[in-house]
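Chains: A, B, C and D, in written order; residue numbering restarts at 1 for each.
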Amino acid sequence: MVSFECDYIAGAHPEIIKRLAETNMESLPGYGMDHYTESAKDKIRKSCACPEAQVELLVGGTQTNAVVISTMLKDWEGVIAADSGHVSVHESGAIEYSGHKVLALPGKEGKLEASAVRAYIQKFYSDMTHDHMVFPGMVYISHPTEPGTLYSKKELEELSLVCREYGIPLYLDGARLGYGLMSRESDLTIEDIARLTDVFYIGGTKVGALCGEAVVFTRGNRPEHFLTSVKRRGALLAKGRLLGIQFDTLFTDDLYFRISRHAIDMAEKLKEIIREKGWEFYMDSPTNQQLMIMDEEQMETLGRKVLFDRWGIYDEKHTIVRLATSWSTSEEDLEVLREI
Amino acid sequence: MVSFECDYIAGAHPEIIKRLAETNMESLPGYGMDHYTESAKDKIRKSCACPEAQVELLVGGTQTNAVVISTMLKDWEGVIAADSGHVSVHESGAIEYSGHKVLALPGKEGKLEASAVRAYIQKFYSDMTHDHMVFPGMVYISHPTEPGTLYSKKELEELSLVCREYGIPLYLDGARLGYGLMSRESDLTIEDIARLTDVFYIGGTKVGALCGEAVVFTRGNRPEHFLTSVKRRGALLAKGRLLGIQFDTLFTDDLYFRISRHAIDMAEKLKEIIREKGWEFYMDSPTNQQLMIMDEEQMETLGRKVLFDRWGIYDEKHTIVRLATSWSTSEEDLEVLREI
Amino acid sequence: MVSFECDYIAGAHPEIIKRLAETNMESLPGYGMDHYTESAKDKIRKSCACPEAQVELLVGGTQTNAVVISTMLKDWEGVIAADSGHVSVHESGAIEYSGHKVLALPGKEGKLEASAVRAYIQKFYSDMTHDHMVFPGMVYISHPTEPGTLYSKKELEELSLVCREYGIPLYLDGARLGYGLMSRESDLTIEDIARLTDVFYIGGTKVGALCGEAVVFTRGNRPEHFLTSVKRRGALLAKGRLLGIQFDTLFTDDLYFRISRHAIDMAEKLKEIIREKGWEFYMDSPTNQQLMIMDEEQMETLGRKVLFDRWGIYDEKHTIVRLATSWSTSEEDLEVLREI
Amino acid sequence: MVSFECDYIAGAHPEIIKRLAETNMESLPGYGMDHYTESAKDKIRKSCACPEAQVELLVGGTQTNAVVISTMLKDWEGVIAADSGHVSVHESGAIEYSGHKVLALPGKEGKLEASAVRAYIQKFYSDMTHDHMVFPGMVYISHPTEPGTLYSKKELEELSLVCREYGIPLYLDGARLGYGLMSRESDLTIEDIARLTDVFYIGGTKVGALCGEAVVFTRGNRPEHFLTSVKRRGALLAKGRLLGIQFDTLFTDDLYFRISRHAIDMAEKLKEIIREKGWEFYMDSPTNQQLMIMDEEQMETLGRKVLFDRWGIYDEKHTIVRLATSWSTSEEDLEVLREI
């Protein structure tokens, strides 16, 4: 049985395991004060060409979204997101748990359009009763989006412009950032993202780490007393080394980007196989997740050899099936699929 | 200048002021333990033909929604509401402040359809990832709705059925309940509402009181230690008599229903005037709020004699204008309008 | 039966009822935008000799504490209070409901000492792990305190100094402010309080109003978008006139201070009666609440003619009994007591 | 330089690193649905002799306390803890962030006495105003306590009895549980703890793991929809295997207990060295943390060879110094200390 269920089925990239083992008996201070964490932050700043960035390491994606959004929003504000956004749908209400509303706008293939955001904010401020409403205080996007689509540089520039126009931060959830940046269709670099957003995170969990997400505050805008706010949300890891060593490894010799490219190469081959098999794509995705429309019979056949994800319901007889590649996908895995 | 701006422009019904004055120097216990509050609760139970109901008096509408919803939802649940629902839009995120998500579904003229609710819940439970989502834990409707429409008995029965099918409470926000019940198009009585919902509130603020809303838990389902939960939300009034005396008065000799009927009679005359003037209705409303589409010139003319509410934006050149009647609207007020 | 149970047993001062009746049919805008509210705010600013103060009217005391504290604290901060403080003990955890900790310090007869506050803050900042603790972000005091004691001008100046030294606001809960200011032992004026605190509230509920507390932000420090934050906490009153008219009346011709002085005069006579009867004082109080130590027999005797409050447990055989006077206490009430 | 700063200076026990490496490329489902997590839970249940226990793995201690306490408390409840308890002092207000109050009682050498808990609860219920207070809804203890003391079986039985008497859960924070259980003065086994508490957690972070705490609900009392509540608090780890493999390893062949015993053996030798050196103990601790009173000169000498923790301020000239052993402390480390 081979798994294409998601991009977090394997442990960590072997280089990470090796580094964890090598450094294991070193005495290091806790709470991210260790030199590996410092080094990881430096490397990330360099990678982003953003020397003034403040980098913070957290454990997981939902946690990161909740911490970043709730510490950056003001009391009377909510966060704009696409209606398919992770924070809108798949975080069990973690943003609301922090007391803030997700202002969901209809997305287009998972993406938020700058024009829709501008229209929403304009309408908000022209509404005579807006003092009785939730103020738009941040824009959240995921890149790649949940269904695997990508913002173009132009689209991101437009979103950035709207946000600056209204003085609210643009936050990019990069749970799968590597797979987005290495996509053959991407015209965005990590420097672009650092330049165009106010805060974003570089996903580790889905891109080679056991756990960990690196938040980048791109303009010295990390919330005051951030460590205390992280602690109070139960999100401060005692052995910060676990995160520091992983990101230090991922940002040494471009490992993060190299393994992301591998996942994309595998995804491109996966797309070829899907085409060969005549399976129907649900939507065109340039990243590591491929969505197909399948009936029960097709899923039964597929399921004999392969673990996959029932991503959503298409219609009464069809399901949206997701196959995901990752840094750990091998040619052999694809071979199993090809031979179904 | 005559005001049709909203239904809370005047103080209280004169009978209430009289009763407040008459009882003013009586020594009464605080926090709703006084005999006027007891009497008000009894009268409301009788009016609802619901002897087992638990009635609680709170100060305002948003407060009531936040208290009721947050004490009835479980940790992992959110509340389903129409996207135009008061809790969705006009409470500055009060539900989210309590930690819970409003699950907004597209409404139809402000109403939530039972079929849409059922479809949403079915889809939720058939979603493989629903443990990562917010569970639907309550259905919120307003009656009359925000734009002034009404649920029919059949529609309410259907909603009630869905809720019971899934074991979640149906909550009816009756900020303007009197105006709904007394509408000429209503086929619902307050007994029906008590029978078909799990909890609802009888709005006082907009129907003759200075302040106050009476929450009716229709089946002994008042949350445990409710007083403490109310206190902890800053919603416990020290001089509960202020609410008790008002509701006792409103539910003596059907005052609540009589003054509501008056507002409806005034609204019907208002509709005639609108028709006579050739103003365009935005939508047909059988209750005390009438919505019209007006351009700037029309609004300028109107505004010379009358205060009105700019309810929403219709298009670049037109505004949705609201004229509301209430228990305090007089024939003279209408005359001013007629003579514009 | 005569009641000395608490200071909110009667309705409102008759002048307030009269004004509510007189203004009842006026059309006024909602949410505190009416001219009575404006006038009340002006009069309060004048009374405080604080022209730059921002005044906001809220409904009740716990609500006011929760709104003020939670909108002024930063995410990582808590509020210092005496361990007997209302926010520490008797608000069902309303501050914690807003996500913030009450940092309780031992009080002295209900009062917080400047030296204790300074020591606490110094210790906090000298603690190497203070980033893992709750930062002291505000000092809360009540005046009069819960057991009825008063801060002297010197004590308040010292507290003010500590707060300014550490850059945190000093907040004074004046639920019974009038009774404190009019006490024969008080050397503080309302101008002093406006000068020495950063925010305080003038209690209406216990001093002549049906409901209502007036918050005074003394240095242009009202939190941004305060109305929206109030709304989102369910604390925005639709008919703001109810609060505006009451405070406008209370601050016309010094009514607030005159009725407070009356309550103090009654309390002084009450103290004489207590001395005559040989009842034991629990502590010396210069304000409207008198605490005595009584056994069951004494309470039985007292209870035949008078309603009183069992304020606390003294020891296995004795109870702390509270008798409170207020603006509504009459000579006749005292006579009943004297004749027991 | 040798570190005795705390018990989380090293990575994980080498056996854990080995197992992480060996299992690294296995495809496993996420969110704790993997077979290692299942196996870990089974082994923990067996170790506790508590077959009906529900075991859940979380990432860190503060997170675990916040999740357990906030999902088990009812809306109107708070948690009783010693005033020195971790939840009272060192979690940046994480419990309050969840909306609940920590009801701090004076502890005795870090321990909560059953008599104090009973007295507090009795007083609470005899207080006429307790509906305006926070209900005691849980008792929190840490074992070992923050300063390193231990509950005896008798003390734990008494606490258990009080909790059952009042129907509230007893929760034991076992961040350093292994070191407590293996202490030479302990008369408690893990079975005793499972029998006497309602919920407790077995600390991994400080006892051999990179991260991870295992919560044990001892009587089928895991809160409903726990996974969703965990997710909504940002505490659900995608690669649950990281926790599963670690606890599976720790509970294989008693590794958890063996390495804990080693730490205690090292601590006993440490105590001998302290005695030899004539350093003054701050308090007698039977576990892995030793507290001493030192002046600046002593600390300077110590600090030349050894990293230590400034645990607290003793007086103006003296500091409370903590030296901690752990599973990773070696004889060589002690030798460095001996030779100072």
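The working rule: contacts are C-beta pairs under 8 Å (C-beta built on N, C-alpha and C of every residue); 3 or more make two chains touch, one makes a residue touch a chain.
All figures in this text were calculated on a predicted structure; none of them were measured in a lab.
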Neighbouring chains shared between chain A and chain B, ordered by label: C, D
Winner on C-beta contact pairs when C-D is weighed against A-C: C-D
Separation of mean Cα positions, chain C and chain B [Å, integer]: 33
Chain centre separation in whole Å, for chain C relative to chain A (CA means): 50
Separation of mean Cα positions, chain D and chain C [Å, integer]: 42
Numbers and ranges of chain D residues touching at least 2 other chains: 76, 91-93, 97, 99, 131-134, 228-229, 231-232
Complex contacts: residues of chain A adjacent to chain D: 1-3, 5-6, 8-12, 14, 17, 20-21, 23-30, 59-67, 91-94, 97, 205-206, 210-211, 228-229, 231-239, 241-242, 307, 328
Contact set on chain D toward chain B in their complex: 70-71, 74-76, 99, 131-135, 223-225, 227-229, 231-232
Chain D contact footprint on chain C (complex, rising order): 76, 78, 89-93, 96-97, 99-102, 104, 123, 126-129, 131-134, 309-310, 312-313
